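For reference, the structures are reproduced in the following blocks.
Look at the two complexes coming up: chain A is in both, with chain B in one and chain C in the other.
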Partner chain A sequence: MSQKVDPQLRPTTRPPRPVDKRMRLKESGTVAAWVMLAPALIFLVVCSIYPFLWIFRYVLYNYDGIPAHTRFTGMRNLNTMMADTKFWGSVVTTFQYAFWKLIFIIPIALIMAVLLNQKLRGSSFFRGVYFMPTVISSSISGMIFTFIFATGNGVLNGILQACGLIGVPVGWLTDPKVAMAAVIIMSVWAGFGNYMLYFVTGMTSISEDVYESSRIDGANGIQTFFYITLPMLAPVLKVVLMLAITGAFKDYEAIMVLTNGGPGSSTNVMFLYIYNLIFGTGSNAARQIGYGALLSLVAAVIVGAVTIVYNIVAKKLDDVV
Partner chain B sequence: MAKNRAQIVYSPRQKVGRAILWLFLLIFAILVIFPVLYIILGSFKDNQELLLGGSNIFPTTFVTKNYADAWSQANFAVYTKNSLFLAFGVMILSLIISSMAGYVFSRKEFPGKEIIYSIFVAFMFINVGSVSLRPLYELAVKTRINTSLWPVILFSAGGGQATYIFLCRGYVNSVPRELDEAAHIDGCTFFQTYARIIVPMLKPVMATIAILSFRQGWNEYILPRVFTMTNDNLRPLTVGVNMLKNAGDGAAAWNIMFAGATIAIVPILVVFICFSRYFMGGLTSGAVKG
Partner chain C sequence: MKHRIGLAMALVMTFLAVFALVPAMAEKTVITYWSNDRHDEAYMKEMIDKFNASHEDIEINMVIMTDDFENSILLAYDGGTAPDLIGQSVTLKNMVDYQAVVDLTPYIKADEEYQKVNDPFNHAYEGLNAMGESIYWVPSGMRSGVRIEYNKSLLAASGFDGIPATLDEYIAMAKKMTEDGAKNNPVTYGIGFTSSSPFERQLEMMAQVSGIYYYDYVNGKFDFSGYKPILEKGRELVKYAYPDQQGVDNMRAQFAAGSFALWGNASQEAGVFTNQFPITDFEWGVSPVPSLDGEIKGALQTNPNKGYLMMSSCKNKDAAWEVIKYFQSEEFLKGYLEGGYTMPITAYMDERIDKSKLGRMADFSLLEYESVYPAVPAVNLMGDDYRTVLWNAIMGYVDIDEAINDLNTRYNSAYDDDISFGSVKCLVIEDYNPLTPSAGTVTWLDK
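So, the complex of A and B:
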């Protein structure tokens, strides 16, 4: 029967088919989809949600890593925090660190990106070299700079003395006055390549014609930078600044290797202080995990607040410019 | 565009300016490369020379004994094996998880999808620092998987997965749905469509994820440090080298540490030199386009 259907009738029977097909495509494989999503979901729950909730549980407890010692202490952790000058000192140190890092890393990244954009010979080679430090583990870069900054046999003091720039070796890692400078040098070296690459990518989207016409109008390199590159790069700059700010506040791995917060507590940033409370190599009694949990939340709130303030300022600047 | 640029004729003054710029780029490149060069060249100095210091970064006598010592005496053979296991483990796990999840998020409609996805994204930004390693460590001890490197691999892959899922979802979105439909008509199941159609199409983004997750595993420091606190034979290079530094009189073992640091950075540098396109491409596609 079906073979004998009048050709003219066909159009009325055809339209439902594609819809039907789509429906089946949507409905089929629901079980398979959940199975395929399961590993990611399990990881999300175990690695992200569970630790996050765990922190809240211990904020009001005294806990040193031995479950039997866990005691409810109510507001005591909060009071400890209020009186903990070492913690608030580490917060100040974090702000200092972030300030100095950003002051150097953003202009360096921007300038190098602009220079790379001049398309000189070997630009892509230089770009690769500048990006290279970012692929090295922060623990190893911390270690490399421990050798470089060593007072007695470090190569930096060796070179500076050979050039006659300093008389006596500088205690880069032992003098509280210069230790922060050493930490900043390391973190700028290790991180500027990332931000530089964002700028380079942002600049490739600026049309060549704009530069062309500015050249015809007689703009020199510096004018081109301030009147064309910088304004057109503003959206990228805003994102990069945001990443750089939050990144600087969270740094502690390389600092841990380089100075471990010392000398004294001159480079003890807050996440390093917290790490030592939770995983400190001292005795169990020195470990204050419940207190560390509270400080972690406070630190996260501080980072969040800085981000919000930055966003407000960035928006205000938008309205002005 | 390159053609256009080539036609620009520079005046003599501009040529001098560009030469000065080029020189500046070169000097800056030497400064950037110096620490790495210093550590690699230093690993061929003998310990006496390292302890003396000075400004000469080239070894006066070229020795390879440091590597032999690091390899046999200081357990670096084990560290290297652990680092490789960790890096490849994180890479393979990340590839499987993120490509499957990215495919499901892109192609499947189910109740709660948007909420689940936004939780993934939210945890990309919530960072409470090292404290979250404590519950994970206790979990590993409780489930008795802390006698191997597996918890480090699992938690590293789990911690980094959101970014990779994000990348994969974006890429699958750009693959035409007609391909899925054609595969479905030909009798492919939901999973077969993924395995036979989507995965081959995902090659570029999978390469990026492979490189980024390999680097993540190879460079992981705090996580393995916490998990191998009491077991030297599980330590990857990043942790092993640093433990040497902390172990008492560090100065005596400078040569071993130089060799160890070199062993830790040279493989990742080689990977970077071979695949720099993916390193740099991955970074910007994740942040700027996203």
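So, the complex of A and C:
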């Protein structure tokens, strides 16, 4: 049996008036959000996505930048990569570099941040001094350290010899066994100020009341650091670690100036190898844009995988803590 | 009100006057020239100022680029901002394949004065400045082959008065000077190497004069096996070297400061050790490089230089040619050569310069066995070039035999690929003589 429905109560199927949709969009802030996102999105598309797609198409080509020389080579770049011991060597070198850099840079940045957060006299000055290397260009840092690490007339060997710590000058930049140490010293010097600043900022958000309570409970400095500062800095530490890991894997500019990957291939990190391939500089006889494009993708996958692994580990640690 | 009208009229008149002047000023065609030479900057600027002051129709704008010269040019060419003229420090084949440069032959043929001064048809080197019948740049001079520059005081202190003829004796000399130098304060060394192409600056040239070269012209293939004895002796030589291999200017400064006794480089060092790092505390000598057994079995490579290429994107080609003509005129070249910026390449200019003004450049005069080698085909090589690999072998970073096998494989594989693709042809000179490398009959094969 059919039931009569009052037409006024029947649900309307008529679409809302355009003016209502516009009003809703306006009120929800969607338009404003897109307008504000637009510059960043345009830059992302133009400067990151388009170049990525541009270079991606050359993965299957032998391309040196000259159209007349371009030829389709199918899987050849991939086969070359699999057999390219220098590239895989550079991947190993990158992991070594990142490991040693992180081992030193994070603790140093954290310790310096704790010390400078003590509100001692002159701490602002030292904060500026330690941050200064961050604003110096990588190439200039590389040049400065070339003079510091010079074997014959370098500042470092001079000091070490004057202190009686070494008898024979160390070949910081010429001995494959120690060149990586030189590179890491430079990169730690250049980068720790930045991370230190993140930690200092994180520490300022920790309430003074917490420290006061711990003092009343009789906690000493070390206990305060491990039981108050460090746990409460965990979110900042997580972000800093992620930035440090991705940054360490992508470093190459200062290394290029300091050692150019040498001696031999002892400091040849993967992005330096790729840079030299694509731009035909360093020791490469010809530009290898197609092959370099493939290696760029592989390097991006490696860095991405490391970041994902770190995030998983960090999440598990969060759950445990 | 009258004042306002008067002011307005004065403004209008001023604008009209300015705009009337603009076309007159714009009539001067600006020819932009990119160079990567820094050693001759003062002379070039002086002569360009002179040209600009005396020409109402053309103005030269010289820009000195630093590194990555070829890449910068190609990027500018792609972006529509390429200069009109560029210096010759580029790979000719790449520029021609890119259709970025102009064949200058028609201009040259139409200009007898230019031919008289520059002798372009006798200085057309296949693959270097010419391809087939087309000439793309003409050298104004040449850089000598590598010489050994030496510190006479350090040599004398170890009982030497000159550079020996054999590599073994040269190594023994470096060893003795390093041993003696250990007693000095500061310590001095027998020899120094730079990080910038160290193999090229001494040992490669010793190999050349010993008849060893990396391209087998007779059979049309790369062959690095001849370098083995040079690499073995090189391993011994580097033991007695200054402990750092820094950039070339740093090492020049060390040589000028007396830190080591033996240094290898070409004729540009005449200007370097006279002006850039003037040597005042000791006398320095210049000597030919030694060979493996003391005999000269191959030519020492010289490099024609200071040429100018015209970009195909140049909108005022006739004006650009006028600028090239000026740069390679007798008046310009006389001052350039007498200034010691390069060495004369033509008999005509050689006769016209005052050799008493050459200074230390005279020590780098051409040897009878110096010559231009036919340009080896530029292959699309994957990985390190031969100079890097061979130097790594000398330094002990890689095994010598492995290095040679690797180079033979990679270079010939890239060469075969390029030939099959058609981007290069196989260069063969059946009657090749290493003592006169440019005298043979060049054949290009599609094999």
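The criterion applied here is as follows: the second predicted complex is superposed on the first by the 271 of 321 C-alpha atoms of A that agree within 3 Å, B and C clash if a C-alpha of one lies under 4 Å from a C-alpha of the other, contacts with A are read in each partner's own complex, and residues count from 1 in each chain.
Methods note: a residue touches a chain if its C-beta (ideal position, glycine included) is under 8 Å from a C-beta of that chain, and two chains touch if they have at least 3 such contacts.
Computed from a prediction, not measured in an experiment: that's the story for all the values here.
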item: Combined model on chain A: chain C and chain B, fit or clash; value: clash
item: Which of chain B and chain C A:138 touches, first, second, both or neither; value: first
item: Chain B versus chain C as contact partner of A:146, first or second or both or neither; value: both
item: First, second, both or neither for A:32, with chain B first and chain C second; value: first
item: Which of chain B and chain C A:71 touches, first, second, both or neither; value: second
item: Partner contacting more residues of chain A (chain B vs chain C); value: B
item: Which of chain B and chain C A:279 touches, first, second, both or neither; value: both
item: First (chain B), second (chain C), both or neither touched by A:173; value: second
item: Stretch of chain C penetrating chain B in the combined three-chain arrangement, among 78-86, 294-302 or 348-356; value: 78-86
item: Doubly contacted residues of chain A, that is, touched by chain B and again by chain C; value: 146, 150, 152-154, 279
item: Chain A to chain C touching residues, read off their complex; value: 62, 64-69, 71, 80, 84, 86, 146, 150-154, 169, 171, 173-174, 176, 260, 262-265, 279-281, 283-288, 291
item: Residue ranges of chain A in contact with chain B within the complex; value: 21-22, 24-26, 28-30, 32-34, 36-37, 39-41, 43-44, 46-52, 54-55, 112, 115-116, 118-123, 126-133, 135-141, 143-148, 150, 152-155, 157-159, 161-162, 189, 194, 197-198, 201-202, 208, 221, 236, 239, 243, 250, 252-253, 257, 271, 274-275, 278-279, 289, 292-293, 296-297, 299-300, 303
item: Chain A contact footprint on chain C (complex, rising order); value: 68, 71, 74, 94, 97-98, 187, 195, 242-246, 254, 259, 378-388, 392, 395, 397-398, 417, 421, 423
item: Chain A-touching residues of chain B, taken from the complex the two chains share; value: 1, 4-5, 17-18, 21-22, 24-26, 28-29, 32-33, 35-36, 38-39, 42, 50-57, 96-98, 100-101, 103-105, 108-110, 116, 119-120, 123, 126-136, 139, 154-155, 157-159, 161-162, 165, 180-181, 184-185, 189-191, 194, 215, 218-222, 226, 229, 238-239, 241-242, 245, 254, 257-258, 261, 264-265, 268-269, 271-273, 276, 279-280, 283-284, 287-288
